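Going by the order they are written in, the chains are A, B, C, D and E; count residues from 1 in each one.
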Amino acid sequence: MPSGTETPNGHAIVLDGVERVFESRDGEQIQALKGVNLTVSEHEFVSLVGQSGCGKSTLLRLVAGLLAPTVGRVAIHGETVTEPRTDTGLVFQSPTLLPWASILDNLLFPLRMLHRPIDAEARERALALLELVGLAGFASRYPKELSGGMQQRAGICRALMHDPDVLLMDEPFGALDALTREEMSRELLDLCVRRPKTVLFVTHSITESVLLSDRVVVMSPRPGRIQEIVTVPLPRENRIGSEASHEFQSCAQHIRDLIFGRRHAAA
Amino acid sequence: MVFEIPAFLLPSPARILRDSVAEADTLGWHTLATLKTVFLGFLASVVISLPLAVLITSSKRMANTIYPILVLTQSIPKVALAPILVILLGTNELPRIVVTFLVAFFPLVIAVATGLSSVPDDLVELGRSYRGSRWQMLTRIRLPYAVPMIFSGLKVAVTLSVVGAVVAEFVNADAGLGYFIISSTAFFETGLAYAALIILSLMGIVLFQIVVVAERVLFPWSPANTDPVSR
Amino acid sequence: LDDVHLQTDWIPSGEHAMYYGGWSKGIFEDHGINITITRGYGSGDTVTKLAGGAFDFGVADFGAVLAARAKSEIPVKTIGILYTHSPHSLFVLESSGITDFKGLEGKRIGITPGNSHRLYFPKVAERAGTDASQIRWVNTDGATMAPLLIQKKLDAAPFYSIHYYYQNKAAQAVGESIRVLPFEKVGFAIYAASLVTTDEMIEENPDLVKRFLAAVYESFEWAKENPEEACRLHTERVPEVAMDDCLGSLEATLGFVINEHSEKTGLGQYDPERLAFTWEVVKEAQEIETDFDPTEALDTSLVPSAVGN
Amino acid sequence: MVFEIPAFLLPSPARILRDSVAEADTLGWHTLATLKTVFLGFLASVVISLPLAVLITSSKRMANTIYPILVLTQSIPKVALAPILVILLGTNELPRIVVTFLVAFFPLVIAVATGLSSVPDDLVELGRSYRGSRWQMLTRIRLPYAVPMIFSGLKVAVTLSVVGAVVAEFVNADAGLGYFIISSTAFFETGLAYAALIILSLMGIVLFQIVVVAERVLFPWSPANTDPVSR
Amino acid sequence: MPSGTETPNGHAIVLDGVERVFESRDGEQIQALKGVNLTVSEHEFVSLVGQSGCGKSTLLRLVAGLLAPTVGRVAIHGETVTEPRTDTGLVFQSPTLLPWASILDNLLFPLRMLHRPIDAEARERALALLELVGLAGFASRYPKELSGGMQQRAGICRALMHDPDVLLMDEPFGALDALTREEMSRELLDLCVRRPKTVLFVTHSITESVLLSDRVVVMSPRPGRIQEIVTVPLPRENRIGSEASHEFQSCAQHIRDLIFGRRHAAA
C-alpha cells in the first residue's frame, strides 16, 4: 500500500513521484529510483529496508538535498529540497570522517560549518555523545586509530551534534556488534523521546526496523520502487522487551516475506 | 672530466674559502640583499598563488581562461621581460621582486590547484551536507586535504625564489649575489663567484628545509611526514 | 641639487672608475648634481631603458645609438663622445704565434650572438687584407670565451682591449700570455662609448645636460691626474674590483678618451670624417637600408669644450 | 601602465606581424631548433624525474640525501652553470638539453614524489596483502593513484622546458628562438624579437594543452578532468 | 575454554601468545590484543564475534601478515607469518576497491599482483563470481557507481579470485540486506564444500556465526582477549534449515549470553 500523494503541510518529509537516473561513465543510464511516493509525518520514525542496490542510499541523499531528483519533488516541512538544510542530519553509509581532524574536531565540524558557537557547552555535548556511544576517551584520537565500528559511531555522534529535526541515517549500525547495536538502538529511541525527531533510517536488520520504527518501507530493486509500507502494530514507547510478542514477530515475518518473496515463504 | 676544468673556472675549495673569508663582509651584505628579494618574492608567490589556484579550481571555464595566461608568463624568458619591468616599475627593488615572483609562483599555483581539485567526493559531500559555503568548503575541506600538495608547491616555490632573485639581479641590480656573481666572474674573481654560488646553494637548501620543517610542525598528519616504508 | 640617475654600459670595472670615483669625490655635487650610478647591461639595454625613462643619462656605444635611431626611431642622442676609437680587438695567445689579422685565416674565433666584433670584422679584414670567409666563427657563451681561449679550444676571442690587463693576469696564472690585436691598428677607427640622453632631456633641461657633461669630463680629467685616488674611491664602492685591475683598466680607458684626437677636436667632440666612417661601418654591419643623417644621432653642443667652458 | 611603454620597446601588433611575415622562414627554422631542444629536455626530465621520485619516496633517508642535491641544482642559476657545461660537454646541443632538463625537472620530481607518497593506507595495504613487490606497488597502486599529481608536474615541466631551452640558447647556441631574441635585440629588430616571444608563448600554451589533453584521453578518471562544481 | 598451545603442524592457523600494541599519534600505547592463543584446523570455519573495537580486525590483519604481533607468533600451515602469503585471501572491512579500475579489473587485481595468467578463463571466473553475488552486468562499472553493498560484494569476489586456501573475511556481509546475506552465506558454504578452505570470519551476526562455523571465538574488549571458544554442535553440511532446532538456538543463546553478559541474562 504505497502512500498516496498528499498535501505536504504538516508532514515532515514528502517524496512526490520521485525518480532518479544516474549516468555511468560509459554513458549508460541507470534508473536507481522510480515513482517513489512517500510521506513521513512529523516525529515519525520510518525505516527503509530492501536489497542491496535497491536505492536506499539514493533516496536518503535525495532527502538530504545532496542529489536532485531527475523527476518529481522532495519536500521537508513543506519546502522543496534543492540543497542540504540545516534542520537535517545525515549519517553516511561509510563513516566519512575528516582524516586530519581528531574525533572531537570531527564532531564539532557541523557546528563550525553552521556557524554555531564552539563553546565549552558544545564540547561537553560532544564528549557526552561520545560517552553515550562508548567512545569516551577517544576524543583526541584520529579516525585512523579507531576500528571500523568506532568510526561509524563517531559518524552518528557527528550527525546529532547540531540537534537536527530530521535525522537521515544510512545503515548507522551496520558495522556494530549485537551488543553495541542494541545499546545504540536504545539510545536512539531515548533520544527521540527526549527530543522528538523525524527519522528516516536505512537498515538491513528486519528486527531492528520493527523494533525502532512506526512504519517500515520495503523497497524492491531494479529500478528501486516502494514495494510496500508496513505499519508496526505496537506502540514505540515500550517496544523493547516485546520482541518475542506475537505482533512483533508476525510483523517482522511479514516484512521478511516481502523481501524474500514466494521462494522463502514456500521453504 | 672535472680535471679538464681549469682552476680559474673551477677554483680549489681552499681558494674559495680564502677568498670568501677575505671578502666576508661584502658577501654577507650581498647575501642579505638577495635574501630580502627572495623573501619578498616568495611571499608574493604565496599570497598570489593561493587565491589564483582557488579561482582556477572554481570552474573549468576559469581554468581554461587563466591557465594560458599563466603559461604565457612562464614561456617568456624573464631576462627578456626585465627591461620592460624596469621601465614600468622603476629601477628600484620592485622589478626584482616581480621577476622572483614570476619564476616561483607557477609550480605553486599548479600544485595547489591539483590538490584542491583532488578532494575525494565523500568529503565534498560531507561539507555540502552541512551547507558549506564556497569559503567553508575551501578552508575546512579542500585546503586541509590539499596540505601535502600545497607544501610540495611551496618547496618548489621557495627553491625557485632563490634562483628567481638571482636572475632578477643578473638583469637589474647593483647588489645581491646575482650581481656579485656577474661582476666577480667578469673580473676573474672565480673564487668569489663560487663562494657566492655556494652561499646560494646553502640558501636554497636551508629555505627548503625550513618549509619541510614547517610542514612537519604545522601538519604532522601530512603523508610527507610519515615514513613510506614503515609497515 | 638635481637628482640624476646614470646607467653605465656594463658592470663597474676600472673602466668606470672616473664615474664612481667622481661620485665619491663630489665632482657631480660641485655641478649641482646629486648623482646615482647603476651598472648597465650592454649598450642596447641602456639605450632602450633610457628611452623608456628608467634613468636620465647613460653610457652607450655610439654605434648602438645610431642603429637605435636609424632602425627603430628611438629618441636618444649621444651628447658627448667618450671613446674616440673603439676598443674592439681580438685576443690571441702569445703561444699561438698569431701576430696579426692575416694570421687568423683558417682559425676559430669565438663569438656571442649579436656581438659587434663579428659585424665589424669584414671591414677590418678588408683593411688587413684577410680573407674573412676563411674564418671559423664558433658561437659560445661570453663567460666561457676566455677559458676556451686559454684552453686553446679557440684561437682568438673578441674582447675590448680595455680588459687586457686582468685577462692577461688570468692567462699568466696558467703560464700563457695574451696578445691584443686591436681593430684600430688597421685603421678601423670608429666612435664607441658615448654619453647619451633622450631628445626630451636635451630640449627641456639643457642646463642640466650641460652641468652633467661638465661633471663627467671633469671626472675624466681628475681621474687622469689622480688614478690612484680614483681607483681607491671606486674599489670602496665596488669591492670586488682589485686595485691593480682597476688601475690597469682605468689607464687603458683614459687612452681612448684623452688622446691626440680629443686634443684636436676638443674633449667630447667629433670629427665629421670619423663620424662618416662610423656611420658607414654601422650601416653595413646593422644592415640599415633607410636614409639617415648620422648627425641626427648626436648633439655635442652642450659639451663644455664646445661651449668654451 | 601599458600605455606608457613606448612603441620602440613594445612594437605595434601590425609591425610585429609585418616583420614576422617577412622573416617567416627564419622564424620557422629557429622555432624548430627550439622545439627540438624543448622536446629532448622535457623527455630527459620525464625519464629522469620518475625514477628519481620513486627513489626519494623509497625511504626518508633517501629523501634527506637526494633533496639537498636537487635543491642545489636549482639554486644555482643556469646561466652561471652553462659555461661549465659547455666546457664539460662541448659546444654542441648537449649542454642546452642539460640546461632545459635542469630547469624543468625539479617541480616534476617534487610533484611525483608527493603523489607517490600520499597514497591512502588502505590501498597500500591492499597491494601488500597480495605480496606486491616494490615494483608492483609502484605500477599498480602508487603510480595510478599519483596520476593527477604526475600530470600537474608534467604541466609545469613542459612549460618550464620552453623557457629552459630559451635560457640555454641565450648562453650557447647559434640557432633557436633564444639565440634569435638575443641577436635581433642586438640589431634593434624589436619587432622580430617580439615575434619570437609570441611564438614562445604559443609554444608554451600549445605544449601545456597537449599535456592537458593527454591526461584527459589517457586517464579520464583523473579529478583534473571532472568539473569541480558539478554537484 | 581457550585452546592450549599446540604444535603447529597439521593446523592451518596458529596464534601463539599473540599481543599487539598500537601507538596513537599522541604517543599513548593502545593494547589491541593480549594473550591470544588460537588454533584453526585445516578446512575449519571459525568465526570471530565480539564488541566493536575488541580487536577482531587486528587479529585478522595479523593472520594476513599485514601487521606484525608485538609479542607472540602467528603461523599458517606451520610457517611463521612475517608477510602476506599467496595462499591467504583477505576481505577488508571496507570494500577497498581501486577507484580507477573497473570492477572486472578490480577482480583481476590479485591475479596481476601474483603473476597469475589473465586469460579468458580468468575473466570468465571473474564474471562467474560477479554473477554469483548478483553483480552480473556491473563488470565494466567503476566502484563509485556501485552502492555500498555492491562494493562489498565486489570485494568478496576479489578475495576469491586466486582461490586461496585460507580465507580471512572481515565482516564481509556487514553492508548486505537479509536476503543477499542469506544467499551469500549459502554460496560461501557451497564454495567451502566444492573447494575446502580454512575460513576465519568476522561477523556481528550471532546467527550467522552459528550458521556458518565449526567454532565461534567470542572475544572480550580492552584489551582484546579470547573470552571463550564455542563449538557449534551441528554438522555444517545441513545446518541451513535447522536454524529453528534446539541445538542451534541454544548455541546462539550461549554466545549471546557470553557477549551480553550477566545484565542480559538477568533481563
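Everything that follows uses one rule, which is that contacts are C-beta pairs under 8 Å (C-beta built on N, C-alpha and C of every residue); 3 or more make two chains touch, one makes a residue touch a chain.
Since the model is a prediction, treat every value here as computed from it, not as a measurement.
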| item | value |
| --- | --- |
| Reaching chain E from chain C through chains that touch each other, fewest steps | 2 |
| Distance-maximising chain from chain E - centres being C-alpha averages | C |
| Identity of the chain that, by mean CA position, is farthest from chain A | C |
| Rounded Å distance between chain A and chain D, as computed from the means of their C-alpha atoms | 51 |
| Distance between the centres, which are taken as Cα means, of chain C and chain B, whole angstrom | 37 |
| Whole-Å gap separating chain C and chain D, where each centre is the average of the chain's CA atoms | 39 |
| Of all residues in chain C, the ones touching two or more other chains | 48, 52-53, 143, 147, 151 |
| Chain B, residues touching no fewer than two other chains | 4, 9, 83-84, 87, 128, 185, 221, 231 |
| Multi-chain contact residues (two or more partners), chain E | 25, 94, 142 |
| Chain A contact footprint on chain B (complex, rising order) | 122-123, 125-132, 136, 140-141, 144-145, 147, 219, 221 |
| Chain B residues within the chain C interface of the complex | 4, 6-9, 23, 26, 83-84, 86-87, 90-91, 171-172, 174, 179-180, 182-189, 192 |
| Residues of chain C that touch chain D when the two form their complex | 44, 48, 51-53, 64, 67-68, 71-74, 113-116, 138-144, 147-148, 151, 286-287 |
| Residues of chain C defined as touching chain B within the complex | 5, 7, 11-13, 38-39, 41, 45, 48-49, 52-55, 143, 146-147, 150-151, 166-167, 169-170, 173-174, 238-242, 245 |
| Sites on chain A touched by chain B in the complex | 64-66, 83-86, 90, 92, 94, 96, 98-101, 109-110, 112-114, 142, 162 |
